[in-house]
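Two complexes follow with subunit A in common, the first pairing it with subunit B and the second with subunit C.
Here is the complex of A and B:
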């Protein structure tokens, strides 16, 4: 089943990429591809973060605000005083784990708690950076600008993110148990697992990737502001679903999530190649989302009949 | 606790919290400006209440039902209506008709995606909202058209001491309350939200109920957008942005169950007033924007925790 789940995202990205190259052959180069996918790296990381939450049947409406906060921490503390910056990042990840534990222990709806937390993250970000500014740490900018031979950095990063999260979530034993939290938490409790700890762990994973997304974003933009990544909340949910994930049952695909993020990024820049007005960039992401999900429906129906 | 006690009480907490925030602000000003504060809360609260009522109906439909396209619908309806009216006097009613038509169109499109493509409502309304947003950007082109003076005067005016927008919001709340509590459709909606399968087996036209609900939320959002643009002197592309979280927050703080099947109309108004009053309270205590947001978020979560532990485990 998992193998087919990944097929559709791969095909849709390939088709979109093929169309882009066909319309603008010059994009088919080292720099072209890098330009197309550069901004996809933080989005892919944020999508993986969202995937950790959707994996345990919750939904995170705060990831955009959280990535913005992580970006602000990166552009201020991590740059000025690396040790304090790292401690702050660790605290943010712990806060996410705590959020997961509280949501589970008090049986709170995640959608509301994360909504409340989005105000908290946004407030903290404003507190750190009342006006846009700050600066990216030198080493971070260097990492994001590195030019590996043959394949551009953005592609290497995407492969790396997909590979690592695939190992963590699909291959590793703990990842399987974590997906079980979304699938059948009662069975896990019977098997002797502490579901609260597992949920905290899943949220910590989301926090970790959220922090990484913020750092990657600042590495690219070299500055931050408190609203820099707010749109990531919706993009990340869309990316997870586009990549074959489902809202319930722990059915997620890390590789699919990364591909979903790449597809959404490409959908936005695709229009500029079609010489359509940039007004439609956001709409194109919506249209691609609907198209791919329609295709999924058709495949699913065919699967039922055969 | 009896079932009636559990379902009828939750709205008290939103109103109590609003009263507390109101009183805390007045302590600082030593009672001065109470009328102005209440008036402002009713004006700004009205927009949150109108979109909140719509969101409440959708959330009542049960787990997974939520409309993420409210901000885009508000912006699109306001943009198209104002563009049509073009500040000409006497166009307010056709403009309203256009806004409501946009609402109906958006609602129908959303439900078509949900019903025909079997998309989860979250993802359907999210994807569609991206398209509505693009439509609004495309038709607006950065213009800021002023609403006709008569309409602007209505939106900022008052009647019997209350803001006109609040009257609209109250009338809608009354209508929704009557529909939910006294009409067959309302019973169907609650039944669908409590157990979709059981409702279907009992002969409730579940899909018709869902369709009507998604139309209603979009029409409410469109009306709120039309009024907000008239109130604030024009449509802006980001005018709806804060109402995504706001619409969900007022539903939950108002005591409706996020799991569906249980809605609470008075609570939505109480929570809408509270959301405005808490910000103005923090403002008058001199809290900076950052601190204000952190406290707002903390208060939302605190209320949700309080509400969930009070409601016991059912």
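Here is the complex of A and C:
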């Protein structure tokens, strides 16, 4: 079962990539791959943010609005007055940590609190940027446009995100304890941990990656809009699950989550190559998701019986 | 291995008490544990063992008296009965959770070595892979891991290890390894508080035995001064007069035959034994088999199988609808029966609920009040009313008297008797011997199976205790059905 957990996302991505290259051989180039996966970078970061929340048995319905807000802050304050911009980003991360602490201390359902907070983030974003606009800081645009030799930036970035989060969540001691929060919070209380602090830390991690997603997005699009990333909420949840994570029990895979985000991005391009009308694309994306999850369930059942 | 009366003390409880509202879980217990002591702690369900463990472990603060650790609380560990490992983490990673001192880039290697060494020490030839996620291990292996974490050095040294029913999931050979380790550990100056329902184990490791009853310590003596029978006697109450021999209807044909027990029409059948030995699970399976199948589901849809209703003991989890009114909580079981063309018959609903309020004495002046405005005992009455108002022939009760006061209990007993006389069958799991004594027949559970069947005058506290505990030399006679 544990081998399948990472095997399945890898196979799904490979199959989809193979099909894409088969239909559109010209995509098989430095430029083509970069184009295919460009927009996957902010989605991968948002998916990792969602993973931090799912890791502690919660779910975040506000990540899309939060990434939008972070993008608006990036395109306005961070561009005009970098110091204020950085302070605002830090405040956003702290707000996320506070949200985690409140959810734990008052035993509120995360799904309700984050849904409510999504309107707060959305409102703040509209307040900052009532009409689409702003500008990306020059350095940020440069980072996102960098052209490393041999492999395109999007691939390098995905590898980097996967590697760093794997270290943070799977290898590091503190990340292990955080996964323990999802597994059995009572065991942690008994071992003397303050679960509220741990949850706040997990949410802070989500906030950090949410902010990074917003910045990466603006670096690519060079401007922002209050609704720029709303669809990230569902994409990030789907990415975590597609990558082998589970909604409860602290079973997550950071590498899988990044692969899941890449798969979802690729699915959209693949469907365009198939000349599917955009009206049908969301449904088709859902169908791909259901297909992969069914495959996973079958593997899991087989693992149980043998 | 002898606990002297003087010398260093690991933990000392002086008149320690813990009250939860009016419930006296622990009512003034004094206990002193020295290095090298192995204290056997025995008592019936609800005697206060778990509360005592939580006081020593620091999970609860005493409401009276004191708990002191002259040498500090370092090295005081508890291994709990319900498993407290993180199932998604590996064995080594679980050690990290209890051992925050494991830091640095190579913490994983250190954790593997430490937990592996501890497992080898306690359970030689354990065969557990320290890199396996805990949810891939068997229950016994998980318990072994938890015990090994309890005895692991963890940057210090274990000085007092509390073992709460550590062998309940282990087979005899593994349990013997643990007992041998406990003896070695105590000989080397460690202290252990050992809780078990297995008399043989207590006598095998403990040098001192403390008997708890109703939150008090009723006996504390060196183990050598106890006999098995003496220990069981010390735990039990003096049996009150047996249930009044009311005129009982002659039991009819067998209506339930499952899980190794059977019940006849008009019979009150008790399920007894220590809590968590499979009674509640057996009841749930019997109930679900009767009500949740596609073919047999729904009120009076099937003629062959008797309908069953369930009275929950754990109200919050599987009893009440907390947001609904009292009225609706009562009538939910009969909505389908009394409905007209699929629409709730409001008048019949109210008449029925008013009727049951009088009969069972629910203390409220308005049935439209929210259910949570009632006390716990009255909420329980609502659940009884819900079950008895239906036409079901079988009433399954999962420890239904929790939080019900003495007077009400007598009323409910009488009502159950009357309903049984009308031909209803009751399956009644209870942890209270007094309630079990109301039954016509009692099945005693141990380790998920029935260890004895008692009838009539044989239903006494002694017999139930005997059958509940592992007694190698005095197996109770099993009366064939």
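To be clear about the criterion, the second predicted complex is superposed on the first by the 303 of 306 C-alpha atoms of A that agree within 3 Å, B and C clash if a C-alpha of one lies under 4 Å from a C-alpha of the other, contacts with A are read in each partner's own complex, and residues count from 1 in each chain.
Simple rule for what comes next: contacts are C-beta pairs under 8 Å (C-beta built on N, C-alpha and C of every residue); 3 or more make two chains touch, one makes a residue touch a chain.
Here the structure is a predicted model, which is why all the values come from computation and not from measurement.
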### Query
Regarding the shared-chain residue A:29, is it in contact with subunit B (first), subunit C (second), both, or neither?
neither
### First (subunit B), second (subunit C), both or neither touched by A:250
second
### Task
Check the residue A:283 against both partner chains and state whether it touches subunit B (first), subunit C (second), both, or neither.
first
### Query
When the two structures are laid over each other on chain A, which of subunit B and subunit C touches more residues of subunit A?
B
### Task
Answer with first, second, both or neither: which of subunit B and subunit C does A:120 touch in the superposed model?
first
### Message
Let me test your reading of the model: by the given contact rule, A:194 touches which partner, first (subunit B), second (subunit C), both or neither?
### Response
neither
#### Entry: Footprint of subunit B on subunit A - complex, ascending
59, 61, 106-109, 111-113, 115-128, 130, 234, 237-238, 241, 247, 277, 279-287, 289-290, 293-294, 297
#### Entry: Of subunit C, residues touching subunit A in the complex
57, 59, 78, 80, 84-89, 93-94, 96-98, 100, 102-103, 107-108, 133, 136
### Task
Enumerate the contact residues on subunit B facing subunit A in the complex.
64, 66, 68, 113, 117-120, 122-123, 126-131, 133-135, 137-138, 141, 245, 248-249, 252, 258-259, 288-298, 300-301, 304-305, 308-309, 313
### Message
Give the list of subunit A residues in touch with subunit C in this complex.
### Response
1-2, 171, 173, 176-177, 179-180, 182-184, 186-188, 190-193, 249-251
